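Multiple structures are listed underneath, in structure tokens.
Next come two complexes, and both contain subunit A; in the first it sits with subunit B, in the second with subunit C.
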Partner chain A sequence: MTSILQYPLPLPPILAHPSSTAPLLITQGAEALLYKSTYLLPSLPCALKYRPRKPYRHPTLDTRLTKHRILSEARLLLKCRKEGVPVPSVYAVDEGQGWLMLEWIEGEVVRVRLNEWLRWRREKGTAEGEEEGELRGLMERIGEAVGMMHGVGVVHGDLTTSNLMLKSREHAEVNDHAEGGEENLLAGEVIIIDLGLASVSRFEEDRAVDLYVLERAFGSTHPRAEGLFEVVLEAYGKSFKGAPIVLKRLEDVRMRGRKRSMLG
Partner chain B sequence: MSVLQTISLEHLPADYVVHIAVYREVKNSSSLQEQLLAGNTEFEYALIDASVIISKIQAMSAAYRAVNDLVENRLRSRNVHSEIVFSLSPNNNIAETFRRFGITPTTTNLLVIKVSTPSQPFSADAVQEHLTKSIDGTQAEFNDNVIAGMTDLARIRKIYKLNTVGSKPEKGVANAKAERRELEMLIISSMALRGATN
Partner chain C sequence: MIALGLEGSANKIGVGVISHHANGKAASVLSNIRHTYVSPPGEGFLPKDVAKHHRIWVVTLVKEAMAVAGVTIADIGCICYTKGPGMGAPLQSVAVAARMLSLLWDKDLVGVNHCVGHIEMGREITGAHNPVVLYVSGGNTQVIAYAEQRYRIFGEALDIAVGNCLDRFARTLQISNDPAPGYNIEQLAKKGKVLLDLPYAVKGMDCSFAGILTTIDILAAELKANPEQRDPLSGELITTADLCFSLQETVYAMLVEITERAMAHVGSNQVLIVGGVGCNERLQEMMDLMARDRGGSVFATDERYCIDNGIMIAHAGLIAYEAGFKTPLEESTCTQRFRTDEVLVSWRD
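Moving on, here comes the complex of A and B:
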């Protein structure tokens, strides 16, 4: 993997301390930077999520917000993991310095794998609706993972195919789909990542909005897979006790969009 | 004969290193504990009961957090060595932490950690020599196999409140290792979130 930036950003102080391999900037969002680095030993990769200070904010407020968000994400990750929801585990936290160190998930985000798979299928000349067992399988696993998360009382807040990963099997060749292995593109355990906007909620409204956002993500990012979103919902519907009510609520959310009317 | 291991942890300043040693069949635990309680600076070690340690990573995580807190100047206990023991805890109760994780008169398997800092440097040889002289026990290697032989899983599950984890019988014996690894992950996260109030 190569860094997305050619020029160096100021590293968070923790990463400025020596390590066997230089930290690699993986992605940059509005709120946080994500580095690949190592935890404790050169052989243990980790992801470091760093929320830099925002100079335009009052320093006290900035510190408070950053602390709160780092801790909230770390707590939700631990809660999920304890209850068997597939999320990265937390290695270390320094809310004062604004970072969170997480288990490194070897694999790729669903958005990328799914697009590769769709392109591969088109090039092969397979019509939509044919030979889509693997895609259905992936959709089912997504529905189950999301259902599991909702079942333990956590809503994600930003559920897109970029925040779902497909984890490579351990000991698998890193380049296992370099050639000829396209059939395996959609294989792997679904891991839910980036709980930066997540919260604890058992309202069917919040859960339905999660599903709605995911459905829209499929519609806009992978329109040729959108037709199978019902498979996600079907698997979701069986995943926990309250799921059928959420699916009912989803119909209302679809009618009006993500935001609730503030009238009345 | 096994000797201690000296480790430079990733992302700590280069002049901070940790020396880690493991002993089994320790016979003088009560006198070692007395030295600690008396505040004898010669015995400034993190002396940990190895039955509550599941892996190398857990032990090193505690050391990492304590040294990082030392560097950031925010120790919550007396020194970096007591802080290592405190770092193992899932909660903020220091007295309870030492009862659970620290050496007790009945400890037989012992994990020892010594931090070398710029202001108080200790060479591996000096530490090894002092440990050999002071600990009446058999030194073992600091590795996951040795540690696994000392772990009291039931006790660890209780301390970290992880009773439900990995209790899925359908996955079978083949996954005892995976289960242990999952426990390790959850323990590290619980340690990392100790003291998180906000």
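Moving on, here comes the complex of A and C:
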């Protein structure tokens, strides 16, 4: 998702007001920029997702796509939020200007925490398969969160460990890394972020592809945790009524891969 | 070392002679000759007709390529041919010719993946070192990046290829297939102004073109039935040129978007466009705008190397041959399905 900044980026007009908190660019994806700022009060942090104009696209097409994508993401976040799926809440939207203002989630993405934990375990000399309670717990929470999202009819479209966050608990925030915080590395609520490619679907195929993409992400990014992916699926299987059929479908998706064989 | 390359996976038969120098200097293209089977307007090319065309032309082209290159049989180190992917009958006709030459001249055979041929030739010509590759042609649409000895496919068309979408729309409009249907659409699109609403089907790094083709075909039929249609916004008369313009703007925006996503994903700011659709100047221009916005640059080649050709097969085959790869006669088959990521790229770090 992230890349190094090599050129000045356009600031959305909303962040250019003298009264707003100085924006901090967090990441730059292909389509959107993510800033940290504040909302209403200087003490209330927020995330601002901004989709700048794409000069290569015809202006009519560009406006149409940006509007559609901002609104779609906002609607899906709202839907998830209403039904209790752990996602950031929506503070404000301006689809004409191309931005979406969201709750700031204090914490880190699962990819970072999991890699830190895996490194810590290796340095400690613990063998794979031992003392995995904490990891199992995280995998269960991931399975439950994804299941809950699918249960309300939303598929994510880009489920990776970079799009799952672990929310820091307020009191643990300070000492998390300072003193022996490693035991807490995998603690915290799992929050699903970046619904930019999400859609409404109740097809088991779409849900199974979501799981398959997540499984592949574990395989390529955290091969040492891949063995426990079963735990994610187990927890997922119990999370909503249609889940067992999705798991059955996942076996088909695994067999053929997401990709077709190439003709011509 | 010098290699002869034979390509015939679709409606073009190409023969090329390439020379690689020992000191790692740029390769020399000694000859690069092609003959295209052009179907009548409104029709696509059928495998049996294309295979017949290739069989008729292969000997003439090989003789001509050798003469232009000024080489003799003794100079040739190996014979490279397209193993796949492509249309079965044309592939077979060229594979037979390659086998014949191999036996006649007693030279090693090298079977080459067509897509890897495009990528390696593009890298050689442009000097792009480790770019994200957009491979777009009548049969393929892929976003590729190199990692650990494979050209990995990050995104691709989930149904028809982008070139197929353009070619079939050219058939709907009954415009000429000479020199290529996509070229004639590009010329028409230059006169278009009104952007019509078409589906935009990007799914992560993949995309889909079948729905767009259906929609634009419907719009074309409506326009034929009622040529007096006007754009509700500007009040301008809608023309066939506007259809071509809208189609190009939409599908190329999709291609640029998935390429940009792959670039962000792998952290690269170079992009190389290969394949027949890569000749399109509007696509090149859009890609350039995107790449410049990311502080990078775009590499593209002209029709000699973008469109299927023999030299790319000679080049990619010779690289593999120099790395110790060859195809024994009994394994010198061809295949319609041959994914880019199946090839072990032993010649790169």
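Please note the rule applied: the second predicted complex is superposed on the first by the 243 of 264 C-alpha atoms of A that agree within 3 Å, B and C clash if a C-alpha of one lies under 4 Å from a C-alpha of the other, contacts with A are read in each partner's own complex, and residues count from 1 in each chain.
Criterion: a residue touches a chain if its C-beta (ideal position, glycine included) is under 8 Å from a C-beta of that chain, and two chains touch if they have at least 3 such contacts.
Everything quoted here is computed from the prediction, not taken from an experiment.
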Q. Once the shared chain is lined up, is A:129 touching subunit B (first), subunit C (second), both, or neither of them?
A. neither
Q.
Contact-wise, after the overlay, does A:60 reach subunit B, subunit C, both or neither (first, second, both, neither)?
A. second
Q | Sites on subunit A touched by subunit C in the complex | A | 1, 3-4, 6-7, 28-31, 54-58, 60-61, 64-65, 157-158, 197, 259-264
Q: Would you mind writing out the residues of subunit A in touch with subunit B in their complex?
A: 14-15, 17-20, 37-42, 44, 67-68, 71, 74-75, 77-78, 81-84, 89-97, 101, 103
Q.
Under the definition above, what is the set of subunit B residues touching subunit A in their complex?
A. 7-14, 57, 60-61, 64-65, 68, 72, 74, 162, 164-165, 185-186, 188-190, 192-193, 196, 198
**Q.** Interfacial residue positions of subunit C with respect to subunit A in the complex
**A.** 9-10, 85-87, 138-140, 153, 156, 158, 161, 195, 197, 200, 203-204, 249-250, 253, 256-257, 260-261, 263-265, 267, 269, 285-287, 289-290, 293-295, 336-340
